[in-house]
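Structures incoming, each one as structure tokens.
The two complexes that follow have subunit A in common; it is paired with subunit B in the first and with subunit C in the second.
Let's look at the complex of A and B:
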């Protein structure tokens, strides 16, 4: 009887300890970033993207794009139609990205002056998109396996409880030496992100100005990228957003690239 | 086209015309916008100066190019009128395109005058032979201005990213060649001054003389490709040459050159794929029954009919933010006769380097054609700068190296030029 009580006590203690250990085990940096990567954003969405480029003198240039995105399971397809400025109107860009680790995106551009769809290399992810402060890679969903992630701690930012995660690219000579992201705990939204250049100097800060729940999905609709070294900012606004409208697969074809919006 | 350009009116005159026309256009634009017609286009001034010829102007051209579109869900109407105003030549007004699109679930129809562009090559025309070329200023204008619209019925059937295309051209449209006296008139080597007989040049507009093209194309994750075939007319005329000899001295006393168009069969294809950071492109076509000039006195009209291959391999790559592109092109005449004036193998290479600066507002570009048979070249350095959104200036040069060949023949035409373009 005494033995039975001792065994029961040990089992109970182990259970309580293991439960409390499970409950309090902090997430790893990788798990946090995976939660951000896997945050549902709907099966498909379309909207108008307005980028305002603001230089150090306050001069502004505006670029307007209509974009369509659809999740096909293991791949995501995106098509963008350039609306302004006038000299790039009717240019379109299509990107197919894949969940498979290490698999490059497929990209095409339609140039109305050439009346031709051209396959382009997706290797230039460090190129800035339309002269903005966002690179092509900044705009895409970077796969968590591309970086080594470390949870630096937890902070309250803009009134939101956040995880702070440092991500160091595995690829040598990547355009950033590291990034630090503030991620809202219960929403898995990156509220702020700092980008450090190859010399580990702060290069850019991305801040989310507005996000909200649309069709039960947390969606960022307004963000700003500020290049602190060049005193240049890009304001990015996503409007007229439609989610899960049942977009046709045929939207992501050469036919649509040529036809336009 | 070389014009006289004795008119030494200051530059501001042509700019004035440009700006005045632009103002009128913008006023008109708001009116048609209200009627559901989308109006876009550009206004441009283009000035070229010959560098070897006392800085005379090779061209002063003001352009208005409009894109008028009215669209509904199933129908789209488009017109692309343009106007070229020259300092010393007649005003040129025409429609580059005017057509109607009809959209069905899996089929699109395009009926009317249209530019049809095929192939994967840049700046080279191999399978891209549906729309003929306007080469009045050689290959110097923008490519959308080199390609002429053709009256056509085009039907596309889509199966996802696979496309089956049928093009029927009821009327033949030939390459638009430089006029006599133009500095861009290709060199023709004759022992004596020939007489030209243009009586055979017309291709009668009839059902028998129509052209038909078919194409199957697809874009996939691994590769993009096209297969095409056509029963067409050669867009460039064959020069049939008749000699008159003095029967006593056997000396050449006369030459009659009769330009004539001939039928061609063509089959070919192209592909484009990525290999890591490289984009690899290829294109080739087999031309059945193309005519070539031959220096054999026994051959009637000094022309011979041969099959002919034209193909290309190209690579695009980005290095230190510089977009690089190279192409090697070969033309090969099959069952070659040594007396044919064109080389059995004619090799050309192209090279492009382009880099953007200042947030894509400044672009430096160098495009070069190199003729490997004649060691000649066309080198085209260009600087683009966006003064504001839609307002672009371009400074460039066209430098022809060599003494003969496709590019060397224009070695006296080295030019510097300036363009200012406002897109709206």
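Let's look at the complex of A and C:
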């Protein structure tokens, strides 16, 4: 038996033991959210993102994007290439986000018609992402320590046993007064999330339409965000996912942005 | 009919009691259920294509009327105190229930699209209020450099900045307006605050007009009572004449409340009409009674009452039916409040007829006829001789009369061509009222308080990403902006694109143009969505780039301003059409314009129609086509002079003044019918033209004169009103009464005499 196998076996045993002892007493809200935040999703991921924006009159805009994401430990890099509509084909967008507290994302955009890469500054995590109903925070960047969490109880939702957790932001002027999340117990996937605005009125509902196991990771592949106040919906569909294919580090450069898909 | 009336009058006391009871019930219903409708959108025919289109566009592009709060600091706005106020005021407005958070635009919330060393940034002008000199200076510079903001949110000498709050639909109330004023007041010193905008003007007007009426109407009635008493020389006659009017008004409004039809602004004209028309019946009845009593001093009250009824029921019914039919012709209008106005005024006129024929005889039966001092002959002699003098003068100088009439009518028709329609709300206020002063102040410093939305449409998807089309729109904006003084500025998708193009090219003015290719346009727009607030984009274009909203700011909301802008826009129509772009208009100002046109069109249609109906009815009633035509003369003259004077004196037509032509019909018929009917009776009695003329003048002529004097005196009171449209109303009603009267006793009398209709047998 090789040493590292022994070590990992011991660690595994310890983990299982500690988990079972944890299971005795109920998890706290914070722990549930941490488990969601830390749910492994692989080191890298590429796929096609189809983003459909639907306004209150039912008009639709569809954008097809090829995206690459890689986790670099303390930072996450993401590059997106627009496939359609045709007039923005090969426009690319790159985002580097950092774990370090207080550090803003770095963002670049490449406009092929201008043949220039431009920096754009992201002012806030609560900005909406590309005109969708998702903010950068909603897309999963929000750190659990930014909110205080409270386990409201357990509920069966869509046939899954779920924890229901209420999260209240510590920041005073944050765009949401609170959120409520339904989290599948054994998978740490948020199935549904309600967002309440500053006046504590329901603002948005996020629903997960589809998730599945890819390379042993639980991945959400289809979700919908419905802004109930503006009657606006964003549908995000991830397809052709490849995970942990060993993406090259220099995928995430200005040169690559210009090169296109 | 007469028998039926006489049968009813066998129980005069019961009759009075029942009428009083029903009136009390109606009064109660009216008090409990009446509701005012002040939302002007509800006045407009929603199915009319222009409104359907505009409403759709308003919904699509989130076009709402905004309240504009201007903050003036004579020492300049770039100091932390004033900027703090902008921020606080913005936040307070955002919290109001009547305002959506995203619908408040100010220096604090506006997006600043700027170019940086490396790229592009869309961010607020400030979040934390700048304190240091350098930061304040930097803010001043960034505003100056941004042509999307400079002179739109900050004026060019940097002493005024505006906060614009779009108001949700149907929430504007006086209470809200006062809350806004109070809020603004708390920010005064050293800054001065001004509150303006269409919702304010509209809301205040909807409130001020009726309130002013409420204050004036009792005085009008009091004056009418006094003058009635003076001309009728009897308290009984005065009271009963007035009761007829009051009951008809109460029944009309009671019925409206009972069938749940709200009171619109034009409904306030119903009592005006009923007063002007309703007193006529009473005056004519009592006038007849008076003559009868003078000739038969010994007659008992029963004989007197029944003689009055027998002799007068016909003209009273004839006048009322024709007048009612005239009002019913307003049903042809496309505007619901006017349809209701026509219908209910017609009801009121019929009610007044019934009351005149029942209450006045019943009153005479119960309380006895008025005790006129018959000896007082000198005064009457005086009046009569005056009227007789007119009669003989007219006949003697018939060519002069004819000629003068033709001149006056021709002159009026010429004046009519000068009549213009004004859909302006602002023009209804005094030049020195707060509302006008505030509006002028903002118009002097900014683009304008009124807006015209031009909606561009294309069949083709992505049309508004095509540089060719965008350039055409940009040219249109420049052309209209530059050539018209009244147009302050314009705003559309092109402004975003030019700004983006410029900042992406290191702020070079050379690039302040529409990007050259469709791909670049699309990519800029995507970039804007990624870095800015795309919500703003959907106020100028739709998802498919097939519809675009181009907004012009105007310094006046009157029809001339709107029409001049529209005319300029239409000049570029051929160019846009060859590019496959259609042009339509939207917004409350435009709707007001269309609406006023509709009212005028409907009014002219119904005037023509009712004139025709009147001629036919009168011809049937008098069994003589000439009589029918002659009877229509006072109406025609009154209407022509009414419109003519408006044209000559530059009084614009508006919803209320347009309705005044209805008075011409109501009054004109009354005068004509009573006069012709009497003339016919006396002609048959005496077979002498001169005598007939004199007697008719003494009977009907006298009553007509009384009627005119009473109503003119009453409505002249409105000249003291604080609300200009009500003043115009008072003047025009008085004038209409006067011309109707003059027309009847001069030209119509002359035509009657000359036509020989009732003396045919003699010849």
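By definition in this document, the second predicted complex is superposed on the first by the 235 of 261 C-alpha atoms of A that agree within 3 Å, B and C clash if a C-alpha of one lies under 4 Å from a C-alpha of the other, contacts with A are read in each partner's own complex, and residues count from 1 in each chain.
Convention: a residue touches a chain if its C-beta (ideal position, glycine included) is under 8 Å from a C-beta of that chain, and two chains touch if they have at least 3 such contacts.
On a predicted model such as this, the values are computed, not experimentally measured, just so you know.
*Asks:* When the two structures are superposed on subunit A, do subunit B and subunit C clash or fit side by side?
*Replies:* After superposition on subunit A, which the two structures share, subunit B runs into subunit C.
*Asks:* So in the superposed three-chain picture, is A:245 touching just subunit B, just subunit C, both, or none of them (first/second/both/neither)?
*Replies:* A:245 contacts neither subunit B nor subunit C.
*Asks:* On the A-aligned overlay, A:119 touches which partner chain: subunit B = first, subunit C = second, or both, or neither?
*Replies:* A:119 contacts both subunit B and subunit C.
*Asks:* Mind working out whether A:202 is in touch with subunit B, subunit C, both or neither, as first, second, both or neither?
*Replies:* neither
*Asks:* Between subunit C and subunit B, which one touches more residues of subunit A when both complexes sit on the common chain A?
*Replies:* The partner that reaches more residues of subunit A in the superposed model: B.
*Asks:* For A:82, select first, second, both or neither according to whether it touches subunit B, subunit C, the two together, or no partner.
*Replies:* second
*Asks:* Have a look at where A:109 lands relative to subunit B and subunit C in the superposition and call it first, second, both or neither.
*Replies:* second
*Asks:* Is A:128 contacted by the first partner subunit B, the second partner subunit C, both or neither?
*Replies:* both
*Asks:* Just to be sure I read the superposition right, which of the two partners does A:253 touch: subunit B = first, subunit C = second, or both, or neither?
*Replies:* Touch partner of A:253: subunit B, not subunit C.
*Asks:* In the overlaid three-chain picture, which partner chain does A:61 touch, first (subunit B) or second (subunit C), both, or neither?
*Replies:* both
*Asks:* Just one of 92-100, 110-118, 290-298 or 416-424 in subunit C hits subunit B in the overlay; which is it?
*Replies:* Clashing stretch: 110-118.
*Asks:* Common interface residues of subunit A with subunit B and subunit C?
*Replies:* The answer is residues 53, 61, 85, 87, 108, 112-114, 116, 118-121, 123, 128, 130-131 of subunit A.
*Asks:* In the complex, go through subunit A and note every residue touching subunit B.
*Replies:* 53, 61-62, 84-87, 89, 96, 104, 106, 108, 112-124, 127-128, 130-132, 232, 249-250, 253-255, 259
*Asks:* Across the complex, what residues on subunit A touch subunit C?
*Replies:* Spelled out, the residues of subunit A in touch with subunit C are 53, 55, 57, 59-61, 82, 85, 87-88, 91, 93, 108-109, 111-114, 116, 118-121, 123, 128, 130-131.
*Asks:* Which stretch or stretches of subunit C touch subunit A in the complex?
*Replies:* 60, 116, 118-121, 123, 462, 465, 504, 515, 517-524, 526-527, 529-531, 533-534, 538, 542-544
*Asks:* Report the residues of subunit B in contact with subunit A in the complex, numbered from low to high.
*Replies:* 40, 42, 103, 108, 115, 117, 119-120, 142-144, 147, 156, 158, 160-161, 163, 217, 219, 221, 224, 272-274, 276-279, 316-318, 321, 356, 359-361, 386, 389-390, 392, 421, 423-424
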